[in-house]
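Working notes, beginning with the structure itself.
As written, the chain order gives the labels A, B, C, D, E and F, with residue 1 at the start of each chain.
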Amino acid sequence: MSQPQFSENDQRELAQFLEGEQAKARVQEVVHNMTDTCWDKCVSKVNNKLDRSEEACLANCVDRFLDTSLFIVKRLEDMRSSSM
Amino acid sequence: MSQPQFSENDQRELAQFLEGEQAKARVQEVVHNMTDTCWDKCVSKVNNKLDRSEEACLANCVDRFLDTSLFIVKRLEDMRSSSM
Amino acid sequence: MSQPQFSENDQRELAQFLEGEQAKARVQEVVHNMTDTCWDKCVSKVNNKLDRSEEACLANCVDRFLDTSLFIVKRLEDMRSSSM
Amino acid sequence: QVRSELALANAQELINKINEKCYLKCVPKPGARLENGEQACLSKCMDRYMESWNVVSRAYVARLQRESQGGNL
Amino acid sequence: QVRSELALANAQELINKINEKCYLKCVPKPGARLENGEQACLSKCMDRYMESWNVVSRAYVARLQRESQGGNL
Amino acid sequence: QVRSELALANAQELINKINEKCYLKCVPKPGARLENGEQACLSKCMDRYMESWNVVSRAYVARLQRESQGGNL
(Lines give C-alpha, C1' and ligand atoms only; values in the text may rest on other atoms or scores of the structure.)
Protein backbone atom coordinates (compact mmCIF):
# COMPACT_ATOMS: atom_id res chain seq x y z
CA MET A 1 0.00 0.00 0.00
CA SER A 2 1.48 3.36 -0.95
CA GLN A 3 1.17 6.31 1.40
CA PRO A 4 -0.49 9.46 0.05
CA GLN A 5 1.91 12.39 -0.30
CA PHE A 6 1.24 15.56 1.69
CA SER A 7 3.08 18.85 1.38
CA GLU A 8 4.43 20.32 4.64
CA ASN A 9 1.73 22.93 4.44
CA ASP A 10 -1.01 20.29 4.19
CA GLN A 11 0.52 18.45 7.13
CA ARG A 12 0.50 21.54 9.29
CA GLU A 13 -3.12 22.29 8.48
CA LEU A 14 -4.10 18.71 9.15
CA ALA A 15 -2.31 18.77 12.51
CA GLN A 16 -4.10 22.00 13.48
CA PHE A 17 -7.45 20.59 12.41
CA LEU A 18 -6.92 17.40 14.43
CA GLU A 19 -5.76 19.36 17.48
CA GLY A 20 -8.87 21.53 17.28
CA GLU A 21 -11.09 18.44 17.06
CA GLN A 22 -9.33 16.86 20.06
CA ALA A 23 -9.86 20.05 22.05
CA LYS A 24 -13.57 19.91 21.15
CA ALA A 25 -13.76 16.28 22.21
CA ARG A 26 -12.18 17.15 25.60
CA VAL A 27 -14.63 20.03 26.13
CA GLN A 28 -17.56 17.73 25.31
CA GLU A 29 -16.30 15.09 27.72
CA VAL A 30 -16.13 17.68 30.52
CA VAL A 31 -19.63 18.89 29.63
CA HIS A 32 -20.95 15.30 29.82
CA ASN A 33 -19.37 14.78 33.26
CA MET A 34 -20.56 18.09 34.67
CA THR A 35 -24.09 17.60 33.33
CA ASP A 36 -24.11 14.24 35.13
CA THR A 37 -22.98 15.78 38.45
CA CYS A 38 -25.11 18.93 38.24
CA TRP A 39 -28.25 17.09 37.07
CA ASP A 40 -28.13 15.05 40.30
CA LYS A 41 -27.61 18.22 42.37
CA CYS A 42 -30.11 20.52 40.68
CA VAL A 43 -32.94 18.60 38.98
CA SER A 44 -35.10 16.49 41.26
CA LYS A 45 -38.46 16.22 39.46
CA VAL A 46 -38.91 16.38 35.71
CA ASN A 47 -41.41 19.07 34.77
CA ASN A 48 -42.52 20.59 31.49
CA LYS A 49 -39.61 22.99 31.53
CA LEU A 50 -36.53 23.64 33.64
CA ASP A 51 -37.69 26.28 36.10
CA ARG A 52 -35.61 29.39 36.85
CA SER A 53 -34.11 28.06 40.04
CA GLU A 54 -33.03 24.80 38.38
CA GLU A 55 -31.44 26.68 35.52
CA ALA A 56 -29.61 29.03 37.91
CA CYS A 57 -28.53 26.04 39.98
CA LEU A 58 -27.07 24.32 36.90
CA ALA A 59 -25.08 27.37 35.80
CA ASN A 60 -23.84 28.00 39.37
CA CYS A 61 -23.01 24.32 39.72
CA VAL A 62 -20.64 24.55 36.75
CA ASP A 63 -18.93 27.69 38.05
CA ARG A 64 -18.61 26.49 41.67
CA PHE A 65 -17.33 23.10 40.47
CA LEU A 66 -14.58 24.85 38.53
CA ASP A 67 -13.92 27.18 41.48
CA THR A 68 -13.53 24.09 43.66
CA SER A 69 -11.06 22.64 41.22
CA LEU A 70 -9.00 25.85 41.18
CA PHE A 71 -9.23 26.07 44.98
CA ILE A 72 -7.84 22.55 45.40
CA VAL A 73 -5.00 23.04 42.93
CA LYS A 74 -4.05 26.39 44.49
CA ARG A 75 -4.06 24.90 48.00
CA LEU A 76 -1.91 21.95 46.90
CA GLU A 77 0.60 24.40 45.40
CA ASP A 78 0.63 26.47 48.61
CA MET A 79 1.28 23.32 50.64
CA ARG A 80 4.12 22.28 48.38
CA SER A 81 5.83 25.68 48.34
CA SER A 82 5.54 26.09 52.13
CA SER A 83 7.02 22.61 52.69
CA MET A 84 10.12 23.42 50.60
CA MET B 1 11.86 -11.45 13.04
CA SER B 2 10.08 -12.99 10.08
CA GLN B 3 6.30 -12.76 9.82
CA PRO B 4 4.38 -16.04 9.54
CA GLN B 5 2.72 -16.49 6.15
CA PHE B 6 -1.08 -16.84 5.98
CA SER B 7 -3.09 -17.73 2.92
CA GLU B 8 -5.97 -15.39 2.08
CA ASN B 9 -8.33 -18.08 3.23
CA ASP B 10 -6.62 -18.34 6.62
CA GLN B 11 -6.74 -14.58 6.95
CA ARG B 12 -10.46 -14.48 6.24
CA GLU B 13 -11.18 -17.19 8.81
CA LEU B 14 -9.00 -15.47 11.39
CA ALA B 15 -10.80 -12.16 10.77
CA GLN B 16 -14.20 -13.84 11.19
CA PHE B 17 -13.07 -15.59 14.36
CA LEU B 18 -11.76 -12.33 15.87
CA GLU B 19 -14.92 -10.46 14.90
CA GLY B 20 -17.04 -13.15 16.56
CA GLU B 21 -14.95 -12.91 19.74
CA GLN B 22 -15.24 -9.12 19.77
CA ALA B 23 -19.01 -9.41 19.40
CA LYS B 24 -19.05 -11.82 22.38
CA ALA B 25 -16.93 -9.42 24.43
CA ARG B 26 -19.37 -6.58 23.67
CA VAL B 27 -22.36 -8.72 24.68
CA GLN B 28 -20.65 -9.66 27.94
CA GLU B 29 -19.84 -6.03 28.68
CA VAL B 30 -23.51 -5.10 28.21
CA VAL B 31 -24.56 -8.01 30.44
CA HIS B 32 -22.16 -6.82 33.18
CA ASN B 33 -23.54 -3.27 33.01
CA MET B 34 -27.18 -4.35 33.00
CA THR B 35 -26.64 -6.81 35.85
CA ASP B 36 -25.14 -3.90 37.83
CA THR B 37 -28.15 -1.62 37.13
CA CYS B 38 -30.84 -4.27 37.55
CA TRP B 39 -29.31 -5.79 40.70
CA ASP B 40 -29.66 -2.38 42.38
CA LYS B 41 -33.27 -2.06 41.15
CA CYS B 42 -34.49 -5.61 41.85
CA VAL B 43 -32.52 -7.33 44.62
CA SER B 44 -32.66 -5.69 48.03
CA LYS B 45 -32.00 -8.51 50.52
CA VAL B 46 -29.91 -11.58 49.78
CA ASN B 47 -31.89 -14.75 50.50
CA ASN B 48 -31.27 -18.42 49.88
CA LYS B 49 -32.62 -18.11 46.36
CA LEU B 50 -33.82 -15.37 44.03
CA ASP B 51 -37.57 -15.33 44.58
CA ARG B 52 -40.04 -15.24 41.67
CA SER B 53 -40.69 -11.52 41.85
CA GLU B 54 -36.95 -10.72 41.87
CA GLU B 55 -36.36 -12.95 38.88
CA ALA B 56 -39.29 -11.40 36.97
CA CYS B 57 -38.03 -7.93 37.91
CA LEU B 58 -34.55 -8.73 36.54
CA ALA B 59 -35.87 -10.02 33.20
CA ASN B 60 -38.29 -7.08 32.87
CA CYS B 61 -35.50 -4.70 33.86
CA VAL B 62 -33.44 -5.87 30.87
CA ASP B 63 -36.32 -5.55 28.42
CA ARG B 64 -37.53 -2.18 29.68
CA PHE B 65 -33.94 -0.84 29.70
CA LEU B 66 -33.59 -1.79 26.03
CA ASP B 67 -37.08 -0.37 25.30
CA THR B 68 -35.94 2.88 26.91
CA SER B 69 -32.88 2.92 24.71
CA LEU B 70 -34.96 2.37 21.55
CA PHE B 71 -37.47 4.98 22.73
CA ILE B 72 -34.73 7.61 23.17
CA VAL B 73 -33.10 6.90 19.82
CA LYS B 74 -36.44 6.96 18.00
CA ARG B 75 -37.44 10.24 19.64
CA LEU B 76 -34.10 11.84 18.74
CA GLU B 77 -34.60 10.79 15.12
CA ASP B 78 -38.15 12.21 15.11
CA MET B 79 -36.84 15.51 16.48
CA ARG B 80 -34.15 15.67 13.84
CA SER B 81 -36.42 14.87 10.92
CA SER B 82 -39.11 17.35 12.07
CA SER B 83 -36.50 20.14 12.41
CA MET B 84 -35.27 19.68 8.82
CA MET C 1 14.83 9.91 12.10
CA SER C 2 17.53 7.55 13.36
CA GLN C 3 16.82 5.31 16.35
CA PRO C 4 19.17 5.58 19.34
CA GLN C 5 21.30 2.47 19.91
CA PHE C 6 20.95 0.59 23.23
CA SER C 7 23.16 -2.23 24.42
CA GLU C 8 21.39 -5.40 25.59
CA ASN C 9 22.29 -4.47 29.13
CA ASP C 10 20.71 -1.03 28.79
CA GLN C 11 17.61 -2.62 27.34
CA ARG C 12 17.27 -5.04 30.25
CA GLU C 13 17.64 -2.24 32.80
CA LEU C 14 15.13 -0.11 30.93
CA ALA C 15 12.64 -3.00 30.84
CA GLN C 16 13.04 -3.57 34.61
CA PHE C 17 12.64 0.13 35.31
CA LEU C 18 9.46 0.34 33.22
CA GLU C 19 8.03 -2.80 34.83
CA GLY C 20 8.67 -1.35 38.29
CA GLU C 21 6.95 1.90 37.30
CA GLN C 22 3.95 -0.01 35.92
CA ALA C 23 3.68 -1.96 39.17
CA LYS C 24 3.71 1.33 41.08
CA ALA C 25 1.01 2.73 38.80
CA ARG C 26 -1.17 -0.36 39.45
CA VAL C 27 -0.70 -0.05 43.22
CA GLN C 28 -1.64 3.63 43.07
CA GLU C 29 -4.75 2.87 41.03
CA VAL C 30 -5.87 0.31 43.64
CA VAL C 31 -5.19 2.83 46.42
CA HIS C 32 -7.32 5.44 44.62
CA ASN C 33 -10.21 3.00 44.22
CA MET C 34 -10.07 1.75 47.82
CA THR C 35 -9.81 5.28 49.21
CA ASP C 36 -12.96 6.10 47.23
CA THR C 37 -14.87 3.08 48.63
CA CYS C 38 -13.58 3.34 52.21
CA TRP C 39 -14.04 7.12 52.42
CA ASP C 40 -17.76 6.60 51.74
CA LYS C 41 -17.92 3.83 54.35
CA CYS C 42 -15.85 5.40 57.11
CA VAL C 43 -15.83 9.20 56.94
CA SER C 44 -19.21 10.90 57.32
CA LYS C 45 -18.42 14.38 58.67
CA VAL C 46 -15.21 16.28 57.99
CA ASN C 47 -13.58 17.34 61.24
CA ASN C 48 -10.24 18.90 62.11
CA LYS C 49 -8.58 15.50 62.14
CA LEU C 50 -9.50 11.91 61.35
CA ASP C 51 -10.56 10.50 64.72
CA ARG C 52 -9.34 7.12 65.97
CA SER C 53 -12.45 5.20 64.97
CA GLU C 54 -12.37 6.62 61.43
CA GLU C 55 -8.70 5.74 61.05
CA ALA C 56 -9.30 2.19 62.34
CA CYS C 57 -12.30 1.86 60.04
CA LEU C 58 -10.21 2.89 57.02
CA ALA C 59 -7.43 0.39 57.77
CA ASN C 60 -9.95 -2.40 58.49
CA CYS C 61 -11.87 -1.46 55.35
CA VAL C 62 -8.77 -2.13 53.24
CA ASP C 63 -8.05 -5.48 54.90
CA ARG C 64 -11.67 -6.71 54.84
CA PHE C 65 -12.02 -5.59 51.21
CA LEU C 66 -9.00 -7.71 50.28
CA ASP C 67 -10.30 -10.58 52.45
CA THR C 68 -13.57 -10.37 50.54
CA SER C 69 -11.71 -10.54 47.27
CA LEU C 70 -9.75 -13.63 48.40
CA PHE C 71 -12.96 -15.18 49.77
CA ILE C 72 -14.73 -14.78 46.42
CA VAL C 73 -11.83 -16.16 44.38
CA LYS C 74 -11.41 -19.14 46.71
CA ARG C 75 -15.13 -19.93 46.62
CA LEU C 76 -15.20 -19.73 42.82
CA GLU C 77 -12.29 -22.19 42.68
CA ASP C 78 -14.03 -24.55 45.12
CA MET C 79 -17.16 -24.45 42.96
CA ARG C 80 -15.18 -25.18 39.82
CA SER C 81 -13.20 -28.06 41.30
CA SER C 82 -16.32 -29.65 42.88
CA SER C 83 -18.17 -29.45 39.55
CA MET C 84 -15.42 -31.33 37.67
CA GLN D 1 -14.90 12.34 8.71
CA VAL D 2 -13.18 13.01 12.02
CA ARG D 3 -15.84 15.63 12.62
CA SER D 4 -18.75 13.26 12.03
CA GLU D 5 -17.12 10.60 14.25
CA LEU D 6 -16.86 13.18 17.00
CA ALA D 7 -20.52 14.17 16.57
CA LEU D 8 -21.48 10.51 16.66
CA ALA D 9 -19.46 9.80 19.82
CA ASN D 10 -21.04 12.86 21.43
CA ALA D 11 -24.59 11.76 20.52
CA GLN D 12 -23.85 8.22 21.72
CA GLU D 13 -22.57 9.47 25.08
CA LEU D 14 -25.63 11.71 25.45
CA ILE D 15 -27.95 8.76 24.71
CA ASN D 16 -26.13 6.59 27.27
CA LYS D 17 -26.41 9.25 29.98
CA ILE D 18 -30.10 9.90 29.28
CA ASN D 19 -30.75 6.16 29.30
CA GLU D 20 -29.01 5.79 32.66
CA LYS D 21 -30.50 8.85 34.40
CA CYS D 22 -34.03 8.69 33.01
CA TYR D 23 -34.48 4.94 33.31
CA LEU D 24 -33.56 5.28 36.99
CA LYS D 25 -36.02 8.15 37.49
CA CYS D 26 -38.94 7.03 35.33
CA VAL D 27 -39.00 3.23 35.56
CA PRO D 28 -38.61 2.45 39.28
CA LYS D 29 -40.32 -0.96 38.98
CA PRO D 30 -39.91 -2.42 35.49
CA GLY D 31 -43.10 -4.27 34.44
CA ALA D 32 -44.18 -6.29 31.42
CA ARG D 33 -44.11 -3.24 29.14
CA LEU D 34 -43.21 0.46 29.18
CA GLU D 35 -46.43 2.03 30.52
CA ASN D 36 -47.81 5.25 29.01
CA GLY D 37 -46.94 7.14 32.19
CA GLU D 38 -43.38 5.86 32.02
CA GLN D 39 -43.10 6.89 28.37
CA ALA D 40 -44.40 10.38 29.15
CA CYS D 41 -41.88 10.64 31.99
CA LEU D 42 -39.06 9.50 29.69
CA SER D 43 -39.97 12.13 27.08
CA LYS D 44 -39.95 14.93 29.65
CA CYS D 45 -36.83 13.64 31.35
CA MET D 46 -35.02 13.45 28.02
CA ASP D 47 -35.99 17.03 27.14
CA ARG D 48 -34.88 18.28 30.55
CA TYR D 49 -31.58 16.41 30.31
CA MET D 50 -30.82 17.92 26.90
CA GLU D 51 -31.80 21.38 28.17
CA SER D 52 -29.46 20.84 31.14
CA TRP D 53 -26.67 19.74 28.81
CA ASN D 54 -27.09 23.00 26.90
CA VAL D 55 -27.12 25.15 30.06
CA VAL D 56 -23.98 23.40 31.34
CA SER D 57 -22.27 23.66 27.97
CA ARG D 58 -22.99 27.40 27.68
CA ALA D 59 -21.82 28.06 31.26
CA TYR D 60 -18.62 26.06 30.73
CA VAL D 61 -17.73 27.69 27.41
CA ALA D 62 -18.45 31.16 28.87
CA ARG D 63 -16.15 30.36 31.79
CA LEU D 64 -13.37 29.08 29.50
CA GLN D 65 -13.60 32.37 27.56
CA ARG D 66 -13.48 34.51 30.72
CA GLU D 67 -10.50 32.52 32.05
CA SER D 68 -8.59 32.72 28.77
CA GLN D 69 -9.07 36.50 28.72
CA GLY D 70 -8.32 37.04 32.41
CA GLY D 71 -5.57 34.45 32.12
CA ASN D 72 -6.04 33.00 35.60
CA LEU D 73 -6.98 29.37 34.80
CA GLN E 1 -5.86 -18.12 23.27
CA VAL E 2 -8.06 -15.15 22.43
CA ARG E 3 -10.96 -17.22 23.74
CA SER E 4 -9.33 -17.96 27.10
CA GLU E 5 -8.34 -14.29 27.48
CA LEU E 6 -11.96 -13.35 26.94
CA ALA E 7 -13.15 -15.89 29.53
CA LEU E 8 -10.55 -14.58 31.97
CA ALA E 9 -11.55 -10.94 31.43
CA ASN E 10 -15.17 -11.93 31.93
CA ALA E 11 -14.45 -13.80 35.19
CA GLN E 12 -12.30 -10.90 36.41
CA GLU E 13 -15.07 -8.39 35.72
CA LEU E 14 -17.59 -10.63 37.50
CA ILE E 15 -15.30 -10.91 40.56
CA ASN E 16 -14.85 -7.13 40.63
CA LYS E 17 -18.59 -6.50 40.50
CA ILE E 18 -19.35 -9.09 43.20
CA ASN E 19 -16.62 -7.62 45.36
CA GLU E 20 -18.04 -4.12 44.97
CA LYS E 21 -21.73 -4.99 45.42
CA CYS E 22 -21.43 -7.64 48.14
CA TYR E 23 -18.79 -5.88 50.21
CA LEU E 24 -21.11 -2.86 50.30
CA LYS E 25 -24.10 -5.02 51.34
CA CYS E 26 -22.47 -7.51 53.72
CA VAL E 27 -19.68 -5.57 55.46
CA PRO E 28 -21.26 -2.26 56.49
CA LYS E 29 -18.79 -1.70 59.34
CA PRO E 30 -15.45 -3.39 58.63
CA GLY E 31 -13.97 -4.82 61.85
CA ALA E 32 -10.77 -6.66 62.81
CA ARG E 33 -11.74 -9.76 60.81
CA LEU E 34 -14.45 -11.03 58.45
CA GLU E 35 -17.05 -12.31 60.93
CA ASN E 36 -18.90 -15.60 60.32
CA GLY E 37 -22.13 -13.72 59.68
CA GLU E 38 -20.37 -11.54 57.11
CA GLN E 39 -18.90 -14.58 55.37
CA ALA E 40 -22.30 -16.27 55.22
CA CYS E 41 -23.76 -13.08 53.75
CA LEU E 42 -20.96 -12.88 51.18
CA SER E 43 -21.59 -16.49 50.08
CA LYS E 44 -25.30 -15.90 49.59
CA CYS E 45 -24.77 -12.53 47.94
CA MET E 46 -22.25 -14.05 45.54
CA ASP E 47 -24.66 -16.85 44.58
CA ARG E 48 -27.51 -14.37 44.05
CA TYR E 49 -25.29 -12.09 41.96
CA MET E 50 -24.24 -14.95 39.70
CA GLU E 51 -27.87 -16.09 39.39
CA SER E 52 -28.82 -12.53 38.47
CA TRP E 53 -26.02 -12.40 35.90
CA ASN E 54 -27.47 -15.53 34.30
CA VAL E 55 -31.05 -14.21 34.31
CA VAL E 56 -29.90 -10.94 32.72
CA SER E 57 -27.73 -12.75 30.21
CA ARG E 58 -30.57 -15.06 29.12
CA ALA E 59 -33.03 -12.16 28.84
CA TYR E 60 -30.57 -10.08 26.81
CA VAL E 61 -29.65 -12.87 24.41
CA ALA E 62 -33.34 -13.76 23.94
CA ARG E 63 -34.07 -10.12 23.13
CA LEU E 64 -31.19 -9.91 20.65
CA GLN E 65 -32.58 -12.98 18.88
CA ARG E 66 -36.12 -11.58 18.77
CA GLU E 67 -34.83 -8.26 17.42
CA SER E 68 -32.64 -9.86 14.78
CA GLN E 69 -35.61 -11.92 13.56
CA GLY E 70 -38.15 -9.11 13.74
CA GLY E 71 -35.47 -6.79 12.39
CA ASN E 72 -36.55 -3.74 14.41
CA LEU E 73 -33.45 -3.08 16.49
CA GLN F 1 10.48 11.34 32.74
CA VAL F 2 8.30 8.26 33.13
CA ARG F 3 8.54 8.80 36.87
CA SER F 4 7.35 12.40 36.72
CA GLU F 5 4.50 11.42 34.39
CA LEU F 6 3.43 8.84 36.94
CA ALA F 7 3.58 11.37 39.78
CA LEU F 8 1.56 13.78 37.65
CA ALA F 9 -1.10 11.18 36.81
CA ASN F 10 -1.32 10.28 40.48
CA ALA F 11 -1.73 13.93 41.57
CA GLN F 12 -4.30 14.49 38.83
CA GLU F 13 -6.35 11.48 39.93
CA LEU F 14 -6.18 12.63 43.57
CA ILE F 15 -7.37 16.11 42.58
CA ASN F 16 -10.26 14.63 40.58
CA LYS F 17 -11.37 12.43 43.48
CA ILE F 18 -11.15 15.28 46.01
CA ASN F 19 -13.07 17.51 43.64
CA GLU F 20 -15.81 14.91 43.24
CA LYS F 21 -16.11 13.88 46.92
CA CYS F 22 -15.67 17.27 48.56
CA TYR F 23 -17.79 19.25 46.11
CA LEU F 24 -20.60 16.80 46.84
CA LYS F 25 -20.13 17.14 50.62
CA CYS F 26 -19.35 20.85 50.96
CA VAL F 27 -21.38 22.58 48.23
CA PRO F 28 -24.86 21.06 48.45
CA LYS F 29 -26.56 24.09 46.87
CA PRO F 30 -24.18 25.95 44.55
CA GLY F 31 -24.77 29.73 44.81
CA ALA F 32 -23.35 32.82 43.13
CA ARG F 33 -19.92 32.31 44.72
CA LEU F 34 -18.01 29.87 46.93
CA GLU F 35 -19.02 31.03 50.42
CA ASN F 36 -16.45 31.24 53.24
CA GLY F 37 -18.09 28.33 55.01
CA GLU F 38 -17.89 26.23 51.84
CA GLN F 39 -14.22 27.10 51.40
CA ALA F 40 -13.46 26.14 55.02
CA CYS F 41 -15.29 22.86 54.49
CA LEU F 42 -13.36 22.20 51.26
CA SER F 43 -10.04 22.78 53.04
CA LYS F 44 -10.89 20.36 55.83
CA CYS F 45 -12.39 17.81 53.47
CA MET F 46 -9.29 17.95 51.29
CA ASP F 47 -7.01 17.39 54.28
CA ARG F 48 -9.15 14.47 55.51
CA TYR F 49 -9.19 12.92 52.03
CA MET F 50 -5.41 13.09 51.73
CA GLU F 51 -5.02 11.67 55.26
CA SER F 52 -7.38 8.84 54.27
CA TRP F 53 -5.39 8.22 51.10
CA ASN F 54 -2.29 7.82 53.23
CA VAL F 55 -3.97 5.47 55.74
CA VAL F 56 -5.32 3.32 52.90
CA SER F 57 -1.99 3.34 51.10
CA ARG F 58 -0.06 2.25 54.23
CA ALA F 59 -2.60 -0.49 55.00
CA TYR F 60 -2.50 -1.78 51.43
CA VAL F 61 1.29 -1.82 51.16
CA ALA F 62 1.56 -3.53 54.59
CA ARG F 63 -0.88 -6.17 53.41
CA LEU F 64 0.99 -6.73 50.15
CA GLN F 65 4.17 -7.27 52.17
CA ARG F 66 2.51 -9.70 54.58
CA GLU F 67 1.00 -11.65 51.68
CA SER F 68 4.25 -11.80 49.74
CA GLN F 69 6.05 -13.18 52.83
CA GLY F 70 3.28 -15.56 53.84
CA GLY F 71 2.79 -16.38 50.17
CA ASN F 72 -0.98 -16.88 50.41
CA LEU F 73 -2.22 -14.17 48.05
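Structural remarks
Here is the rule we go by: contacts are C-beta pairs under 8 Å (C-beta built on N, C-alpha and C of every residue); 3 or more make two chains touch, one makes a residue touch a chain.
To keep track of the chains, here are their UniProt names: A, B, C = Mitochondrial import inner membrane translocase subunit.
Keep in mind that this is a model prediction, so the values were computed, not measured.
Without subunit C, the other chains remain one piece by contact.
For the pairs C-F and C-E, the larger set of C-beta contacts lies at C-F. Separating the CA-averaged centres of subunit E and subunit F is a span of 28 Å. The distance from the centre of subunit B to the centre of subunit E, each centre being the mean of the chain's C-alpha atoms, comes to 15 Å. In subunit F, the residues touching two or more other chains are 22, 26.
Residue positions of subunit A touching 2 or more other chains, listed in rising order: 42, 61, 63.
By the touch criterion the chains form one closed ring, and its order from subunit A via subunit D is A, D, B, E, C, F. Residue ranges of subunit F in contact with subunit A, taken from their complex: 11, 15, 18-20, 22-23, 26-34, 38-39, 42-43, 46. Every residue of subunit D that touches subunit A in the complex is listed here, in rising order: 2-3, 6, 9-10, 13-14, 17, 21-22, 25-26, 41, 44-45, 48-49, 51-53, 55-61, 63-64, 73.
Contact residues on subunit C toward subunit E in their complex (touch as defined above): 37, 41-42, 57, 60-61, 63-65, 67-69, 71-73, 75-76.
Subunit C meets subunit F in the complex at residues 17-18, 21, 24-25, 27-32, 34-36, 38-39, 42-43, 46-50, 55, 58-59, 61-63, 66, 70.
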